[in-house]
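What follows are several structures.
Two complexes follow with subunit A in common, the first pairing it with subunit B and the second with subunit C.
Here is the complex of A and B:
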């Protein structure tokens, strides 16, 4: 049997990547820094952040749509990725400012004095002047980038190992993941956890060493980086779910016990996918927060992870492009409706203000999609595909036993 | 005859109820064996113990040559050691094609990273075709397993078991819900399989067991009541009393 190359076996991957490329070029051409300026910088940032959310949704789809674990703690990994990169951003920038102010001193500052100055600046708000242990690597970009992958990956590995080994499943596992993100948020809220408590990390939009580059340019650069990350992440996810590995994880989703009796170490597979998804989510977070400019423990609130699940459900779980569509469409609609720019809907007896009613509408559409269109928006493509080319193979042409089958008749 | 599986003095209770009571059971290489018994005799629990789903309270279960204890292994490890199990209800992965189902069952390295790197080859394709042909699904490989009829699903599951190349096959009520013609095919297949490996069939249906024409073990209240040819055990007064006489 002749095998087609990976990309031809998965035409949807090619379409998504092409769409992403067109989108990126279009936004660049409309940006203030590189194009006509039709899109304000704030809008470019929103679009760049949306791409990061889409990447997190792809990872969520791996875990939920393919492996069948409704994880309600994915945003913990997202925020951890943001915190890890935020540490370097804040430290390096503060260091530059402190060094500049100390440069006028009669005696040049020692490295220790410099570090104390930085610690004072960063932790003054929480009444501390010492650099916590967790900031040991904050001076180094490569180390913090490594931590972007290592910390969420390790958390997912340990959490997953404990949960999967005890065979916690279904709704209990969902509750456990939610407890994880809540616990992490509560810990981060404390001032002495070393992450500035509820102040979080701020000023992340200023990239150290790039002070002369305008935000207009930076926003486009981050959009490019987010697009590349989404493209690569999508390719990786598409490759993982194709072939036998994808077969096995979908089988685990549908009947875990049976997969065990086939001899597959189910826990191992869950652990690999869960950890991989956590790391992809962390990368998305590390690209998101420099565009958002600020991160605080509220980002880990359980509701954020539930939103992610809602996007994937509305987009269509079990399809990677469904996750992308869901995240992009719903998150953009959300920011439009809650941003106060959506016109109020005037009914004779009541005026619907979208800022108040958007959540209700979103919840309602989630319920409707779950009940009536379990395949979400992606199901539309199935429906279109069937309308264009009905499935014919294998159906009998006539009622007789000896009647030709359709594919025989075609030849 | 060397024994492939040796179950020795195994007991298990659920909430005080003794499902298996000091059960001992042996099966050799390339042997066909039928296990019969009334409801609640412990047939399914026996299978659960051998396949690692249930842990016994006491006793030992030894496997292979040299003998290894199965009690320290989990379900997946036992399956990889060469024990295949066919469930009563056909359990195939309905959302995936017949070929995908068979490919998953092919004997290969099962570790996640090995599976991630695994790509189909012409030999694996051939093997899948061969297996599909063996269970009469040669022209159905592209279809989703969920579209198959009940009997075809049973066959697909048997095909998946064959793909695993087990040394011992545990089959739970294979004839349930099959037509007469399908039953005959199943009997033939099971007997052919038993030429190269051990097969244990748990069955209710006496006609089916008679057709298998093999050694029979009668279970009652969690232990072996009688063992021998079907004619031998059906003449046993104890067996007549607890099972056939009713």
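Here is the complex of A and C:
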């Protein structure tokens, strides 16, 4: 039997990528740096960050929508990615500043003096003057980029191995992932953990070596990078969930025990997807925080991970484009409502200020979506798809929708 | 007079100034003694003054007043040979007690030996005073600042008629013996008599004996009482500290720090070069050393110890910790007693820690019990549980604003909080959870939506600042057993509340119709339904019950924590942990989980009390690992319900 090409199997991938390309070109054309200037730089940054969140949502969908693990710890990986890239950004920039100020000294500084100056500058705020061990690689961009993947990947691998091995499932696993995030957040909150406690890492929007490039240009560059990352991440995720591998992980979602009895190493499959999703999320984080400019342990609050789940649920689980739509729509709506730009709603007895009431509306709409539209916004597309009657050929060979019995009968 | 004895004298003087305001009765005995011995009072000698002091003290309160003034250097002699007690501007005749004005006395200044004698006589007279309050005061002031003279006076004093005061005096005498007795044997005996005592006074008496200082020497000093030898680079003495010690004893030159080197190099730049080395290359430490050596050779900078010289000097010496107390038997006994005290102290700290852990465990138990009920019966995780706790706390706050009497408002608030959150739980069940049966992850998310909505509503209604929920007066304060063990009353109350709820829960589950039906539905909903039980109603009731208990927990938590809209969030993760660790569907499991988490977090916290964040981190890590070994909790659910 001839397999159809990957793209033809997943026409939605093409649509999403095309949409992404159109979006990127449009934003570039409207940006201050390269276009008409209709979109202010801050808006370009918001859009760029939204793309990163969408990438994180795609990874979340991989874990939750396809593998069935409601991981409430995705933001831990997201923030870890941000911290890893933030270390280099902060170190390199501080080093440049310290070197410039030391150049005025009568005697040129030794490398040790330079490092001490940098450490003093970065860690003075938490009352320390030594460079912690975890900053050993901060001087090198390639090493830190490697750590962006390695640290969250390793964390997911170890945590996943421990959790899956002991067959922790369902809500237990969700709570456990939440606990992991909380533990990481609490650890980062300590001043002596080496990540500046609750000050976090700041000044990340200034890219070392690119001092002459304006923020307007940088924001567009980051938008491009985020768009490319989202496109590649989406392709990767779509490739993973298509084909036999994808069938197995969906089967694990639907009935883990049965898949195990069929002889599949369930733990291995789960571990691969969980770790892969963690790494994708970390890349999203590493692109997000240079646009946000600051990262601190509050980003790891359990609630942040749950928001991610909310986006995916509203967008539609088990459909990658649903995750993208959910993340983009809900996070943009959120920033519109909480930014104070939404007009107040005047009721005869009460004026609803959206800054105060948006979370209430979000929470309740979330309940409504879970109750009445479990497929989310993506369910809308399914509904549209069903409106056109399918071209049925041959007989119904089996009870399962996903069965390949018809093709097997032909072969 | 020693400086430390001053409070005693001042106290005496105050008392006597008050007395002297009364019509003073002349004291003929005192007048006779003064008349006979005026010369010796004017120029006392330490060796012969003893009998005179005793004579004066024996004449009564006026004599004591005179002695006190004498020791305090406020006794003056006029030209017409009268003794006056001077207190600021007020002068009184020492013999008659009559006020005197217009006199200009020469102040008597007895030497310290004499004053020591006077003081011990004073203490002796005071601790044999007929008034028990006076004796207690004397003991207090000796306990604050005891001297060797006090010790002598205590030993010679007649026994105290009051057994409690006598016991205090004996203890004081033993403590003073430890500090001031010249005879090592009796000091050791005193130390051993109190060995194992955990009183602060005993530990304070031992501390000066065990004070050490560090010395560096080429060889072991023969005469010193050595506590131990230190190895440079070890835990107790870093190499830098060892070098500082050498420097302090003038055994080594100051070391050349990189900063000092840089500064002196910068001071000697000539034509872009320092000592022949171009400035541009001085970013290299080796080049800096070369330049400094050149300057040293030229004699422009002072020679300083280089790194290798410093290390050699450190290695050439030995380092000792030496007791200030010369007698090694005494220090050995003191050290043994201290170790003994510390052992008992840590045992007591352990008990205190246990009490803390117990109260924390009861808080977790209260917060988690509702969650455990709903999770056990319906397999539903209620993420809004924390918000129900918050609702209960706010109910308590609102009740308190309406009812001023704290006790009454608390009594009203507890059932009211139960009613409010019970209703909220039932509404949540009817509207949301019922429709999501058998979809636990969706329920988790939907209840989470409810949780953010409720939290934000609380923020909009009550504002973001913390609201006070004040406990009634009888719940404030603490129950204190001794210096170490104490527990605040409110925590005891919460413990009692937790016990009450455990009892109530057991009663409902084992003795009522509702409990029977709940157990039936938990074990097999289908079979229960066919026996005429309505599983839907049972689930609703359990959910309401669990939420109601959360409300009451909220009031309890609000009494000692701040009431904010985030109150519930702070406890929700711990509650989940409690349920997960304990195992679902079993009240004893929840109890065990709460106990484990409470004890664990307190124990971890006690290792590093300043860093509670680290304690929480380690606790969560522990739980993650614990789940590895008991994935279904301490008391796992068995039977058919476990597979559901």
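Following the convention adopted for this analysis, the second predicted complex is superposed on the first by the 386 of 411 C-alpha atoms of A that agree within 3 Å, B and C clash if a C-alpha of one lies under 4 Å from a C-alpha of the other, contacts with A are read in each partner's own complex, and residues count from 1 in each chain.
The rule we apply is simple: contacts are C-beta pairs under 8 Å (C-beta built on N, C-alpha and C of every residue); 3 or more make two chains touch, one makes a residue touch a chain.
All values derive from a computational prediction rather than experimental measurement.
Of the two partner chains, neither subunit B nor subunit C is touched by A:124.
Contact with neither subunit B nor subunit C is seen for A:340 once the two complexes are overlaid on the shared chain.
By the touch criterion defined above, A:70 reaches subunit C but does not reach subunit B. Legend: residue contacts after superposition of the two complexes on their common chain; A:209 is shown touching neither subunit B nor subunit C.
Contacts of A:356 after superposition on the shared chain: subunit C is touched, whereas subunit B is not. Between subunit B and subunit C, C contacts the larger number of subunit A residues. Contacts of A:19 after superposition: neither subunit B nor subunit C is touched. Touch criterion met: A:264 reaches subunit B, while subunit C stays clear of it.
Overlap of the subunit B and subunit C interfaces on subunit A: none, as no residue is touched by both. Interface residues of subunit B, counted against subunit A in their complex, comprise 51, 74-77, 79-80, 84-85, 87, 91, 93-96, 100, 103-105, 110-113, 115-116, 118-120, 122, 125, 139-140, 142-143, 160, 164.
The residues of subunit A lying in touch with subunit C in their complex are 70, 105-113, 159, 162-163, 165-168, 170-172, 174-176, 178-180, 182-183, 186-187, 189-190, 302-303, 306, 309-310, 313, 356-357, 359-360, 362-367, 370-371, 374. The residues of subunit A lying in touch with subunit B in their complex are 1, 3, 240, 243-245, 247-248, 250-251, 254-255, 257-258, 260-266, 268-269, 271-272, 393-394.
For subunit C in complex with subunit A, the touching residues are 258, 262, 265-266, 269, 274, 279-285, 288, 375, 379, 381, 432, 435-436, 440-442, 444-446, 448-457, 459-460, 569, 573, 576-577, 580, 611, 613-614, 616-617, 620-621, 623-625, 627-629, 631.
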